[in-house]
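What follows is a pair of complexes built around subunit A, which joins subunit B in one and subunit C in the other.
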Partner chain A sequence: MCHRRVVESNQNPDFPNQYLPQREQRQHRGDERANSSPAATMPPPLTHPLFSPPELSYTHTSLLLQPPIRPDARTPTQFRPIIAETNILPGTNGSARICFPDGNEAVVGVKAEVERSAGVIGSLLRKGGRGEGGGGDDNEEEGRKGVGENAWVELTIEIPGLRDDDALPVFLAAMLNEALLASGDLVDRLWINQRWHWKLYIDILLLSPPLSYPIPLLSLTTHLALLSARLPRLISEADEDPLFDNDWEASIHLYPRHNKSSEPTPSKPTATKPKPREQPPVTLLVTVVGENIFFDPSLEEIAVADLLLAVSISETIDDSEPPPEPKPTTTKPPRNIRLLSLRTIDPPARLTPPGVPDALNTAVTQAETPKNKAATTDADVDYSGVWVPPKGGSKRKLIGRIIQMVIEHGGVGEEVLEGLEGVDVG
Partner chain B sequence: MPLDTSSYSLALLRLDGRRWNELRRIHAQISTQAAADGSSYLEMGNTKVICTIAGPAEVRRTGGGGSDAEIKVEIDIAGFSGVERKKRTKTDKRVAEMRYTIANAFSSSLLTHLYPRSTIQITLHILSQDGSLLAACLNAATLALIDAGIPMTDYIVACTAGSTSSYSSNDESADPLLDLNSSEEMELPFLTVGTLGAGEKVSVLVMETRAQIGRLEGMLAVGVDGCKQVREILDQVVRRHGKKLVNSIVE
Partner chain C sequence: MAITITPPRPAAILDPSYPPEGEGDNDDDYFDPDGDLQMAGRPTKRAKTTSIVTPGETITEDPQWMRGHGTYNPPNNTKILATVAGTLTTTNKLLSIRPLRARYAPEIGDLVIGRITEVQTTRYLVSLSSPLLSPLPLSAINLPGNILRKRTATDSLNIRTYLSENDLVAAEVQTLHADGSAGLHTRSTRYGKLRNGVFLRVSGTQGGVARGRRQVFELGDGVDVYLGVNGFVFVAQRLHGRSASASAGSAVAEVAATTYSSQNSHIPPATRWEIARVAGVIRALIESGVRVDEEMVRRGYEVSLEEDMVGGDKEGVGYLGGEKGRRIVRRVVGG
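Presenting the complex of A and B:
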């Protein structure tokens, strides 16, 4: 069961929970070395950034400036260019691959299999609106169809050199899974009839060693793979054993598409109002340095971050509302973006070695007069230009600003979703 | 050949329309990933493999390392690669044997003595499997090792060869087949043969099924012949990449 942290208005700004206990990780790495697992020889750079204190201090100072200067000269909300393609694997229901210019690469394959539901009675009860709480759907809202179970979606992440039960892949998988299941819309669509359902396997492969925190890469790839995923069309009736249409051309998208009025809808000829369609989630990584907020941080930026935040959003497209008549303005209509979850990630900056100011450095002070010995209390030492690892904690106002930047009209969320729409998902 | 007894004997065409000595489409790319020291992407029909190389790098383990570089192979078979979704563990016997075979093959073709006390890590990601898995892995690894610039005596190229009749049937007119796909692999005896370069120097030979000894020679001959074709194709890929690289530097 994933630990869920659904955003509430009275969010605790301190985010005390850290999900990557370092001691545990070291232990894992310890066993691996004993097993002489090949890639265990080098810890992933994202938990142990290999930067010297002067480098960290330099990056930190330039990110603190107003306006900030990022190491790769991007603007704070600018994303790195990506190469994306979908439907690369004919053997899957949906697949996608994304390449970042720094060499990070991920492939996601979505596979669906028909599975017998656990019990008829259980599903009947659920259908009657009596949420059983099966599969850990603890925040079941009222009015939800609620026939699906969270266990119908299985998401695994494979990172080369890490074991399946390592903290990082497990944590990342829980985070992506949480966003995916947040609304319960997806699992409801996997319901075939009272006895059968689709079991959705989402396998995420990171092909490169994790160079920077891979959550945006994995999330964007999963988003595209889910958008391109199709399920065969059901041709059997109600509660019969399911039988599907052989014609792949007739298959239905797992996430229904814009059906512009030109496209006929053979399955539902009745004039029912189309339901608002929820799109797969996107998780963005945000870092905070001082008062500055940065999207899509690179490894250097993560290494000095005060706060590392994973923000999951999803868009709901409501076809029933006719799009507002084209106004003479050129602005696009606002998208209906919803915040799904917000999680802090233990920033690796906490573990970086601190810089030693000259006043405390015996190699420097030895040459000078011994009176400097007095300057050993913290207050006397000048820490400017010396790297001090952040102690954590962030202001509530800042978190609020991040959320607003993501979901507001013309914000980062809209920009990302717009960019993803440029990818042909078949 | 229970799968297509009727069609093969009539037209001498296999289920996917190939003749006995035809390879499937091989498509390959090298330098596909910027983060790796060497990388390649290889398709043999519907079998798709991505290979990345890390190294030669220093051995971090204490007490390890000899006078030659050590070759380590990691094979990751994606859960979605087969027809049914199946998660393979890293300790799977079949995968372990493939890892060993690949490491063994390359330790003889690579000039490992040039890199003492170091490791060359070959990581293979299998995205889609449709027969000839080991052969595809060997070919992909060859390309990635070339991309990584690790000196080698020649390409290791591999393909599979089978026989149209199963072990028990006494079919005198059994034809050898080249480059089997997964449905043929399930039905027919087959072997994977890997050669060093275009010669007849066999460096890998794996057979897990039973075949009558009389048919082995034919299968092997067809396989070695197929390896020559594969080498030609891989060589073209490398040359094309080299030409592109030179052009990008000159301009």
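Presenting the complex of A and C:
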């Protein structure tokens, strides 16, 4: 079962300042600048993703081609190479860092804290019958299903140059939080006993000003940080005040591992049927130009996109059923990938200034046109190579195709998760 | 494989031949804060590591050192502090800091590429990634039609039809003002509004665009490369009028007629692949911190062609980032 939430936002409350054209931005900042010195000749910050109409037109027409030509000559599903490492912050339960080659870099730290639950009665009432994001099939086994609360996970994003109540960090945090809480599996795991729970603080720091829409970067980093996160082992009994093993070696992973060969579990026969383990979510950014679909778009591509879509997926690993007999063929078994959420992001292309066709441009002399009269009707005007901001939405079929590309066997989702598995998470 | 995720490479260990050439091949090139000359009987030679100083860091309190670029000497004190983040270099007793990244300092005669950020009544303000915006007066651009005519009030009313915000221009630095901003001009068919291509930004002082004999050159099959000295680069389809073979008069007229067009010409896919390849080469050079000039770009372009010949990429160019980009740069630098 998957939750699909497609929300079309017509205004741009969720888009950062720098994606607005220059003039609007002035107005946004007017109040701040008014009482500062007349810094009329101070240049804007270098990271302004501003594009002239010819540049936008060039990128757009290149991406419309069949096969498309991306500005950096990647294939449509190719990602930029990523540098990743985990467990870099000593004071956290889990942390990760990811670098993009363009210098974009994010650090995520996960801290856990024991917190007293709101009330025993409340927790009892909630027990078993919440099912808000739990996928409907509650009252399964163990009273732990649905005991968690969404407030137990707090996710904040800090982006240099932006205030913490600016639209971009708030929106990004909401989007990541939504994917994280979608199944309710994580918050259930934070439950300690009737009176106590873990409170998880996920702090995301973008080290560079956002060069492009940073959701994939932040989401991949959060994924790795959560995978590397460990919680101390509980040694107290059921409803006592929690007491933990102070041996960090004995700590357990927040997201349990496949206890096959990596960690030889001491003399504990895991004869009991292991539960399916849900892995932390991954959010991918997808753009659509015409009929072409692109993953991991760069700034230029985002600037001309007809549609910008954030797709959150997560994988559930079911250890209970052994993988089918390895076939002689080299194909890998399909992964159990679930779509968690789908959100459209208002593409900045709508706010870009349109180009002026030569026929209407008084600064271009048209010596070579046979009829030297000015084009009077729109039909006379040649609009090829002129940037026209896109209007309208995208076809439902196209969104279906994106979802399929992400979750199908051998699709992009599997490749990304496979790449992330290659990272040593400690 | 759609995605490659690698662990970070260990910090680069500098080879003993650092610094590569030029300034001070004397033995005590590194800075020794403890004292004066190297002691003769020093048992081990200190490994040459580049350490980065940060703004505000005290470099030395020893009065024998003189302060150079990027340093500061507080009054009534012999301390020398760093004012920029960068690597320390010493020339005899002069301490200076080579910044890691710096803004462009204009010089007269530089070919620069800029983005119009503001349009005023009689001038444009152009962002060159220098500390201040640079003015481009209306009187310093070629107006359409006849090239030499008086600027009228109508022209200043129409100022936005020539260039407007976000447009890219190639220009030359004509004057330097007292505050360090540059006065620009575009009074040549070589300069003017840029279209039919892609824009890249090169930054840093380690790599970056080096001033060369030519900043605009043709490459491969129908591609023009504009290397702005300020680190802005534009890779575009070749302008017909630019080639030397074209008859001068008509070509100039054609270029002049379309100077202020914001409509791209028809660009065939083959040219787009070439542009993507050149842009990829330049990006790879930037990422490896290699200087970008005509020679390096040409060599990189040829190496990338060879690589594709060997590798046999089926379609087009292939992504020139990551390992492939580094391989190309290694071959370029290795010669």
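Keep this in mind: the second predicted complex is superposed on the first by the 339 of 426 C-alpha atoms of A that agree within 3 Å, B and C clash if a C-alpha of one lies under 4 Å from a C-alpha of the other, contacts with A are read in each partner's own complex, and residues count from 1 in each chain.
Assume a residue touches a chain if its C-beta (ideal position, glycine included) is under 8 Å from a C-beta of that chain, and two chains touch if they have at least 3 such contacts.
Every value quoted in this text rests on a predicted model; they were computed, and no experiment measured them.
> Would you mind checking whether subunit B and subunit C clash or fit side by side on subunit A after the superposition?
They clash: once the shared chain is superposed, the two partners overlap in space.
> Can A:Ser52 be said to touch subunit B (first), subunit C (second), both, or neither?
So A:Ser52 only meets subunit C here.
> After the superposition on A, what does A:Gln279 contact: first (subunit B), second (subunit C), both or neither?
The answer is neither, since A:Gln279 touches no partner chain.
> Scan A:Arg80 for contacts with subunit B and subunit C and give back first, second, both or neither.
In the superposed model, A:Arg80 contacts subunit C only, not subunit B.
> Of the partners subunit B and subunit C, which touch A:Thr61 in the superposed model: first, second, both, neither?
In the superposition, A:Thr61 touches subunit C alone.
> Identify the partner contact of A:Pro101: answer first if only subunit B is touched, second if only subunit C is, both if each is, neither if none is.
The answer is both, since A:Pro101 touches subunit B and subunit C.
> Could you say whether A:Val412 touches subunit B, subunit C, both of them, or neither, answering first, second, both or neither?
Second partner only.
> Which partner chains sit in contact with A:Asn150 here, subunit B, subunit C, both or neither? Use first/second/both/neither.
neither
> Touch test for A:Pro160: subunit B only (first), subunit C only (second), both, or neither?
Touch partner of A:Pro160: subunit B, not subunit C.
> Of the partners subunit B and subunit C, which touch A:Asn177 in the superposed model: first, second, both, neither?
Neither subunit B nor subunit C is touched by A:Asn177.
> Residue overlap on subunit A between the subunit B contact set and the subunit C contact set?
Common to the two interfaces on subunit A: residues 41-42, 99, 101.
> What part of subunit C is in contact with subunit A in the complex they form?
1-9, 115, 117-118, 125, 127-133, 144-145, 158, 161-162, 164-168, 181, 193-199, 201, 203, 253, 257-267, 269, 272-273, 276-277, 279-280, 283, 287, 315-323
> Hey, which residues of subunit A end up touching subunit C in the complex?
Checking each residue of subunit A against subunit C gives 21-23, 40-44, 46, 50-55, 57-59, 61-62, 65, 67, 69-75, 77-85, 99, 101, 295, 300, 353, 355-358, 361-367, 382, 384-387, 412, 415-416, 419-420, 422-424.
> State the interface residues of subunit A toward subunit B in the complex, per the touch definition above.
For subunit A paired with subunit B, touching residues are 33, 36, 38-39, 41-42, 88-92, 95, 99, 101-105, 107, 109-111, 113, 156, 158, 160, 201, 203, 205, 207-209, 211.
> Which bits of subunit B are touching subunit A when the two form their complex?
32-36, 46, 48, 50, 52, 54, 59-61, 64, 72, 74, 76, 78-85, 87, 119, 121, 123, 125, 127-128, 130
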